[in-house]
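Reviewing the structure listed below.
Chain lettering (A, B, C, D, E and F) follows the sequence in which the chains are written, and residue indices restart at 1 in each chain.
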Amino acid sequence: MPVVKIEVTREGVTKEQKQALIKGVTDLISDVLNKNPQLTHVLIKEYDLDDWGFAGEQVSELRAKGITADKK
Amino acid sequence: MPVVKIEVTREGVTKEQKQALIKGVTDLISDVLNKNPQLTHVLIKEYDLDDWGFAGEQVSELRAKGITADKK
Amino acid sequence: MPVVKIEVTREGVTKEQKQALIKGVTDLISDVLNKNPQLTHVLIKEYDLDDWGFAGEQVSELRAKGITADKK
Amino acid sequence: MPVVKIEVTREGVTKEQKQALIKGVTDLISDVLNKNPQLTHVLIKEYDLDDWGFAGEQVSELRAKGITADKK
Amino acid sequence: MPVVKIEVTREGVTKEQKQALIKGVTDLISDVLNKNPQLTHVLIKEYDLDDWGFAGEQVSELRAKGITADKK
Amino acid sequence: MPVVKIEVTREGVTKEQKQALIKGVTDLISDVLNKNPQLTHVLIKEYDLDDWGFAGEQVSELRAKGITADKK
């Protein structure tokens, strides 16, 4: 009976990416914990960049300075 | 000192339905736990259908296939 | 597809009270939103009294002063 | 490794106020717990007034009656 | 900047299974959203079986009746 | 009407530190948002080190390698 919540900044996540996250997390939980997928709910919550702070600064300000969360 | 969060898919929940949920949950907690309602907060969070996954699929896709969450 | 989380202070909530909360919330959501109960999950999280603050004070301190959350 | 979520009613919180909350919480955690700010995330979630209930009533209704959450 | 919370019933999840969930979710988010893993936090919260309700019943009661969440 | 949740790893946070967090966050919200402290709840949730993952690894493993979250 798992519920998974994914919280991310709102930076153009597409419907297809969301579906990939939902499918991937559900499969992972099914594989690792042997859970029936019919009991797994995945919720995605996006935050505006003014509403997420990292190291004491709004992400909107970090992005304005060219600081991203991208993988190198 | 209870805080209750109700998370549902965004599918036309009306202001009156939200009020019924808030009143119902607050009364329930007052009845069962004998809590002063002045200390009970109820938060409702709706999710777009692309942002909720069930059994590995987006609810938007389930609805497109005619699969609902309605009581039979 | 609702998920409900009930957060309360840990002050002797019994198994029977928890079941009453779970049943009550599930019925409420079924009545108000017409949702299939097979898709409703209710999670109860209790907090130690040092871990909940109200009006700037730990509930453990409030209780030591005789201040309760009981209904009058 | 702290994650802090601040949930408030949506009543005109400005970008500057959000930044003050993010900075203030991050500094507080750094001071009290000696945590590296690079590991602290602060998330702000605003709720529409119909979606927050207090004492069994929607905040939208409380505000219509002139009841505010302001400090006296 | 993702934060992921996995909520499950407390039914013997091992340290190794938790690590597999953490690694799997972090890799998934890195792959799908191209996020730097140094910014991804995964939190696992287990619930006692009296504290999780499904379809209006405590999971402790469902398990006593032989109803599991296992994959068929 | 704010609710604040602070989630941290369980690494010896004392009752006094928790009180400092509760008081500090409540004062901050009172100062920045002009909210009546009687409407502010602060919840602290500690996670065992196996239950928090950062950069794809359990914090218990990071700590075993000497990697801390302390301020330099």
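Methods note: contacts are C-beta pairs under 8 Å (C-beta built on N, C-alpha and C of every residue); 3 or more make two chains touch, one makes a residue touch a chain.
Note that the structure is a prediction, hence the values are computed from the model and not measured.
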{"item": "Contacts common to chain B and chain E (chain labels)", "value": "A, C, D, F"}
{"item": "Touching chain B and also chain D, the following chains", "value": "A, F"}
{"item": "Homomeric contact chain C-chain E: same or different residue positions, threshold half", "value": "different"}
{"item": "Reference interface B-D: repeating pair among D-E, A-D or B-F with over half of contacts shared", "value": "A-D"}
{"item": "Identity of the chain that, by mean CA position, is farthest from chain B", "value": "F"}
{"item": "Centroid distance [mean C-alpha coordinates] between chain D and chain C, Å", "value": "21"}
{"item": "Distance from chain E to chain A - Cα centre to Cα centre, in angstrom", "value": "15"}
{"item": "Residues of chain C whose C-beta touches two or more other chains", "value": "1, 3, 7, 21, 25, 37, 41, 43, 45, 52, 54"}
{"item": "Interchain contacts (touch definition) - all pairs", "value": "A-B, A-C, A-D, A-E, B-C, B-D, B-F, C-E, C-F, D-E, D-F, E-F"}
{"item": "Interface residues, chain D side, partner chain E - complex", "value": "1, 3, 41, 43"}
{"item": "Residue ranges of chain F in contact with chain C within the complex", "value": "15, 18-19, 21-23, 25-27, 37-38, 40-46"}
{"item": "Chain E-facing residues of chain A, complex", "value": "1-9, 13, 17, 20-21, 24-25, 28-30, 32-37, 39, 52, 54, 59, 69-72"}
{"item": "For the chain A and chain D complex, residues of the former touching the latter", "value": "7, 45, 47, 50-58, 60-61"}
